[in-house]
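The following pair of complexes shares a single chain, chain A, combined with chain B in the former and chain C in the latter.
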Partner chain A sequence: MSEAIEKTTLIGKSITKPDAPDKSNGRTRYINDMVLPRMLVAKIKRSDRAHAKVLSIDTSKAAAVPGIQAIVTADDTPMVGVGVTKDNPPLKKDIVLSMRDELVAVAGETEEAVDKALALIEIEYEDLPAIFDPAEALEEGAHQMHDDKPGNLSLGYQTVHGDIKQAEKNSDHVLDEVYDVHYVTHVCMGPGCVIADFDTHGKLTMYTQTQYPYNYKMDLAPSLGMHPGDIRVIQPPVGGAFGSKLDVYPFEPIAVFLAKKTRRPVKLFFSREEEFSASPTRQPARFHIRAGVKNDGTLTFRDVDALLNNGSHTSWGATTPFVMMRTFTGHFRVPDVEFRSRAAYTNMPYAGSFRGYGNVQATYVTATVMDKLAEAVNMDPISFRLMNAQKAGEVTPQNSKLEECFLGECIETVAEKTNFLEQYNAFKAEQDSPGRYKKGIGIATSFHNAGGAKIHKSDGCGTVIMLDDYARATVITGASEIGQGIDAVLTQIVAEELGIPTESITLVNNDSAIGPWDVGVHASRTTFIAGNSAKRAARKARDQILDAAAQRSNVAAEELDLRGGSVVQNDNGVPVMKIDSLLRKMHFAGEDAELVITHDYYEPPSEPEGDNHVGDISAAYSHGAYVAEVTVDTWTGVVKLNKMTAVQDVGRVVNKLGIEGQMEGGIAFGIGYGLTEEMIIEDGEVKNPNFRDYKVMTAPEAPELEFHFIENDDPDGPFGAKGIAELPTIIPAPAIANAVYNAIGIRFNNPPLTPEKVARAIVEKQAAKVAAE
Partner chain B sequence: MMIEYEEYLAATSVAEATQALANGNVTVVAGGTDLMVQTAASGRGVGTTLLNVRRIADLRGVTVDGGRVTIGALTTITDMLTDGVVADTAPVLAETADRFASNQIRNMATVGGNICNASPAGDMIIPLMVLDADVELSSWVDGAVATRTVALNEFFTGPGKSVKTANELLTSVSFNRPAEGFVGQFGKTGPRPALEISMVSVGVGGVASNGSLTNARVVYGAVAPTPIRASKTEAALEGTSLDDASIQSVLDVADSEVNPISDVRASDWYRRHLVRVMTQEVLESVANV
Partner chain C sequence: MSEVNITLTVNGEKRHVSVAPGLSVLNMLRDKLDLTGAKLVCGEGECGACTVIVDGTSVNSCLMYAVELDGREVTTVEGLQTSEKLDPVQQAFVDKGAIQCGYCTPGMVMQTTHLLKQTGKPTEEQIRRGLEGNVCRCTGYTKIFEAVNQAAEG
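Let's look at the complex of A and B:
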């Protein structure tokens, strides 16, 4: 027999994403690169008015352009809406409600022909009064956007716990402030793209960027007048999604209308400008927050009114209060809390889901409010937070059960690693002394669901595992890969269970006709949910293999293990047989023949919200504490982020390379939100739909990053892991804002902290100082 | 809507290129870093014949002849960073090239293209104006290449507009080798240190001695329809001993001389503010020479 094989683990090691070599070599064929035989290309003619009656649409000149095969308007469609509240008909009739509204779509043999045709479409409008501000939209007598939405009210949320009036009376200080958070967008490198293809039975194949392939069929079908079962969803590699592909948007059914009309495959794709101006945004909001504290530093209450600009139609953005309220009510120990939100229809762009999902906005408010309250009671930012941090076993007012809670440990660790208080006090003392460059340090914290979020009837995921005669495993999962790295994580988990190399695993997860159901990539859920499902399916395969090995040896299954491609004796690692040889014996065993094919559907132990939004919606929660170190150029107003130190409770690291990549990418979003990224929208029109004027962080200003992962196995997580991907986007911006305050003594309730905004505030502060003297 | 080019020509000499221009309806492409973006966005592009001038080998490189430095129009921004003559005669050009866009764009973009694009925020224009540069314009006249010289200071007439006519090709830019003791400074600002279009750019030059400048040049970008020479500011600066008070009075003159607009990149207020602080920064560094 060969040598003993030691027990090792892949968990916590760095493994390369399976698709990384192809992506870095330019070999990946993204959906945008795909060409099907006989395929037509298509584009959309959008409104150029924010709010208007459409008097006439003349497509006759466009139709005459050589190569044009089909033109569709609302008249060619069932006029059934898509989106969260189905208020968004793919093609608009009679009235346009925003600049992005789709009016006509053209399919042709070439992009040039389609461009020519689009330019020849003649549309007559009669302008209607437009409303861009949500408060104005709610005023009495404001123009009604949707007939069935009185008062322009879209979605509203409310949760009430305790008695905030009494709590206010018991407060020594009450903060009363308004915040305005802005529009940003996902900036996917791969612009929106879809290919619709019918077969002769009338069954539809959709090649799409969607990040929720199963419910996507359900959401798409009514707008087409089809049965969801007649739609097959194929997901080619995508250039980013980040939440922007979690709903059905009008361009997708429009491609289907054209495919149906022409009986040819139709590819509809966005220009970069459309990607900026016609894809969903992050939800903007105005928060009125009142928060109280006692002189001893104890938090007393939080009362939050949120007004959301719904835009012209409704996607997930309007539902983000669902997540906002968990942070307002549940981050830090606050006994009495209330949250109310209203989303009002306007003639602005509409928001979708976006990594961080409402918590980016809520944390900007709570994390800066915590700093302000600490100052009000003359406490330092660290002690104040530690004093109010929950401990294991506490339950938030909305019933998030913090069975384990490492908030305090996160704060203590980040404070120690950054030498926080010493730096903080030194910079504070320097605020008013002469000198152009001012340094600052700031902390922010948040918490987020880390074990899925039960917002649908199921938060589950299915997995099928098949082993072939060579001990190669095919892992078929419902979980989509949109760049987040679930491919690597599932490979690691299955390889770990089956004792085979990661190279022996092929992941299949791009076809709804093959993969079992999953609710979609969102809510930091995939490692936790799909990881558990894959682990359980792999465990079944492992049990089957060990049973077969026990039958063919004189060793009991419980005394065997799978390591290095072999069945070994658990106690001494001595190989008993090769796994591939065993699999062949099992396969070719005559009447007893068996293949190793296992499956699992995992539903996490969480509960949906009941009345008053109470419910333990996630199987796990996670906290993070980040510290930003900045230098403010008080002349130009440029804020340079020198370093971000991130401490996060992650349960357990699965793929070290993957988690670091998720942290880096997430933080880049967070920095953009805090410092530079902003959609400039004037009268409903996006004025900076390009990389020149929409300022995404570039490599030279990427700060030094330092990560410390707090690892304590989550009892329900796969190998103890929790979901981690949203906190890195959620926490950076308020950490930066708090650091800027430490540097120059100015608060900004309206991110991003652009150079102009900061410079103006500095000049105004100096002028006020001079006036006072 | 994209512009559709109907014909493509690739000239290998100034004679070929100017003859093609004389036929009319031509769009010139060199590095293409501005043109390709503008074409996709239905911007500029004047003709349906696309004329590639990049293969005219004579037009790339930097030479010194006596006291005159000549930069071929096809010299790339990367060339400016690495060229020995530039480093020796006018290091401010290399400093500017280092702030120009990104490595990939600098490898393609040409000095001539940056000038011809005639953006009020064009980076290389600012230090070249500080150096009192002239441009050479070539055209096909009576069966031969004819040239004329225009001061860069008088070249621009508006955003994207210049005195160059449709049949002219910008072939080089040249300037007198700066005098002993000349210092030149370039500054630009935007939220990002790289890949950034200037909200305001400033160039200052002159012979520095004892904390003052003589033969002072002050040039601003992105504060008016064209890059501008601030002649009143230059006069205020000329020979003035640069202390805190005198710098402040120079800044007041500069403020009176610029006329910025508000757009998506910055408000007029912020551009004025930047003119002050960036000029102050440059003057303080000159004062310490």
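Let's look at the complex of A and C:
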């Protein structure tokens, strides 16, 4: 037969995204581009008060606008809440609790008609005292926002390990500081959009941007008075998500109310202003941290009190403490730890899930505190971290089992690659010398779940693989694609197992009526969980093909392999038969006919949190150590990030192009958090709901990036891979803040380090120095 | 207000379109000509996702009135490709992994096309300045710069 086929691997190679060509030439139809026959457009009239009684809503003039087909208010709805604690009725009745609150929605033939109608809706309010600060909301006598939430307490979390009081006595230095971390938001390029469409049986199809299509049905149904089984979720391509679409938000049931009323498809979409002011934010928080250290550099304890501004209603933001506490208690070896959080209702916007999920906030604190503690005991930032870094086999107080641990290796590598200590000492010596521009270098580290996170009853993902008569594979996965590139990774994994080209694979993952269950794109889990599921389903298909080949070739299945579209002999690569020809023989075998259709549901070997938040919630954990190099303009306060060097434990690189893209994009979010991005909210109103005043990173600011991946196969990861995509967002901001300290000797416990803030601090420092002299 | 009839060339084809005086080029392309490549992201010229080329110059199509296009020539992201193969700029964005969610891509591709026409082989500074009006939230721009360089190499 033909020539031998060498064994090669796709793992670690660069695979381009299968959906990229259609995205490059305008062919991709995003949800925002979709038009269904007889589709109406819809928009929402929101409160323009932070806290008020709604005395009356008059929609008569709006209803008279030509082309208006339906108007809904709370009276047209079952008044069942959406969101994590179901405290958010899609349309509000009698009381509004924030500027974003939804009061009326209008559907019409054209956007112009809808805009005209919205402007004609008359709402009478009676203002109530508003509360914007969570501490005020918890004061005795504060106005209670929700009838069933006495004291304005939303969610609280607490974990206690060891004896803080004793540990404090054993400490030589105790740091006691308060941090305030701010509001930022996702700024997805594709504005919020949903299309609701009922069929004649009364079944609902939702075309949505959701990142969690299966539990989405469960969460949406009660607000509609429907059975989850009567909802089909279709996920057209979306313009970004980053965690913003992991909950049901009011606009989604509102579109359904309008579709139901009109018996027509309804497309409801956001303006850019709404995208800023009426989408979830990252959770802001005030942390009171006390942390101890012995003179020899040993960490003794950490005690953290977190006060969260819950905003008017509850989405995932208020739950982020369960991730924050993993870092506060488990990053570096700290024997005695306590963490307490309270989220208080206010009349502010509310936070959702956002790439990094609580760990962005916690790492800003821990990574700058580590620098401060090192200084307190006269140690350099590297040696101090290395001596407190966990090693393989250690277990954190919350029972994250660090079966493998490359924290030390990450720190050593990044220090060496950046010549850290030499630069650090040189810049430190230059701090007080004359000169406008000051350079600085800073390190930060963190750890995050890298093998899923068991926060739901299942953290699994299903896959179905079907091979046709031509050895083309259809891979049906529960995993959602939101731009992150799981399409490329799963294609690569299945092609690797089946020995067929990546071009022979079609991925289907956009329809809940077709795909098997998955918990959603979050927690850096998809490559690990969906990758394992796809690999296992492909392995079953491979075994079936090899068995059939063995029967037809008198070579044992164990001695056969699949390469380059052929069944080959494992030892010498000599082809035995073509896979497509074999598949046809299997298919057309009369009574023994078989198709290759396999499936798998992968549940990772992790455990849910039990009491006191103890549990090995992820099948793997990973660490990263990043170094920022900055130049501070001491006249203007502008911090220029010159370079970010990132070292991260990734298990194994699957798609080189994809992992680099996730690192680069994740870091951009981290830089924004540290330097430029901030929602300015005054009296409950977002004052900068546009790209001009809310500063996301643009091309001129993109820093030089250097990556070093620590690769050691994770025993449970697909081909050894771990989840990677949140650490790049988590670590940059404190690395930058530590670098700024190295440059100018000023600490910032309140990111972002905007020019105004930095310049003011420099002036104050100089003034204090003059006063002291 | 009554609509105005305009005649323009879109991606090499002569088109007659009836437009309201207040209609933007972007909405005309998307709603009247079914060219949905250009995206409405900010609607105020801050993000570049709606970038198209009018008479050889890149513009934010959300800020331009459709009536201004009478007698003029527009190229959109759908019009770059002249054969079954992607245009070299589009191909470079695919090859270099410069596309994640892809929502900014049509604007980036058009702005890059304009930049390459202006500069031939742009310097790094020219690439950064040339793309500063185009926001990408996914990639951090590194791979976009690489794509521009690949496209410039030809």
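Criterion: the second predicted complex is superposed on the first by the 773 of 773 C-alpha atoms of A that agree within 3 Å, B and C clash if a C-alpha of one lies under 4 Å from a C-alpha of the other, contacts with A are read in each partner's own complex, and residues count from 1 in each chain.
One rule holds for everything that comes next: a residue touches a chain if its C-beta (ideal position, glycine included) is under 8 Å from a C-beta of that chain, and two chains touch if they have at least 3 such contacts.
Worth saying up front: this structure is predicted, and the values here are computed from it rather than measured.
Visitor: Which partner does A:K695 contact after superposing on A: first (chain B), second (chain C), both, neither?
Guide: A:K695 sits against chain B, while chain C stays out of touch.
Visitor: Count the residues of chain A touched by chain B and by chain C, then name the partner with the higher count.
Guide: When the residues of chain A touched by each partner are counted, C comes out ahead.
Visitor: Check the residue A:L224 against both partner chains and state whether it touches chain B (first), chain C (second), both, or neither.
Guide: In the superposition, A:L224 touches no partner, neither chain B nor chain C.
Visitor: Determine, under the contact definition given at the top, whether A:L562 touches first (chain B), second (chain C), both, or neither.
Guide: Neither partner.
Visitor: Looking at the overlay, does A:V627 come into contact with chain B only (first), chain C only (second), both, or neither?
Guide: So A:V627 meets neither chain B nor chain C here.
Visitor: Once the shared chain is lined up, is A:A534 touching chain B (first), chain C (second), both, or neither of them?
Guide: After superposition on chain A, A:A534 lies in contact with neither partner.
Visitor: Have a look at where A:L299 lands relative to chain B and chain C in the superposition and call it first, second, both or neither.
Guide: neither
Visitor: Regarding the shared-chain residue A:A479, is it in contact with chain B (first), chain C (second), both, or neither?
Guide: Touch status of A:A479: no partner.
Visitor: Which partner chains sit in contact with A:K17 here, chain B, chain C, both or neither? Use first/second/both/neither.
Guide: Only chain C; A:K17 stays clear of chain B.
Visitor: Which partner does A:L727 contact after superposing on A: first (chain B), second (chain C), both, neither?
Guide: neither
Visitor: Please report the chain A residues shared by its interface with chain B and its interface with chain C.
Guide: Overlap of chain B and chain C footprints on chain A: residues 690, 692, 697-700.
Visitor: Would you pull the chain A residues touching chain C in the complex into a rising list?
Guide: 14, 16-17, 19-21, 23-30, 32-33, 186-191, 237-242, 271-272, 482-485, 657-658, 660-661, 664-668, 690-692, 696-700, 702, 705
Visitor: Note which residues of chain B are touching chain A in the complex, please.
Guide: Those in contact with chain A are residues 1-2, 4, 41, 102, 189-195, 197, 264-267, 269-270, 273-274, 277-278, 280-281.
Visitor: Give the list of chain C residues in touch with chain A in this complex.
Guide: Going by the criterion above, the answer is residues 30, 35-44, 46-47, 49, 76-78, 80-81, 86-87, 90-91, 93-97, 99-106, 109, 127-129, 131-145.
Visitor: In their shared complex, at which residues does chain A touch chain B?
Guide: Listed in rising order, the residues of chain A that touch chain B are 112, 115-116, 118-119, 273, 635-636, 638, 675-676, 680, 687-688, 690, 692-693, 695, 697-701, 754-756, 759-760, 763.
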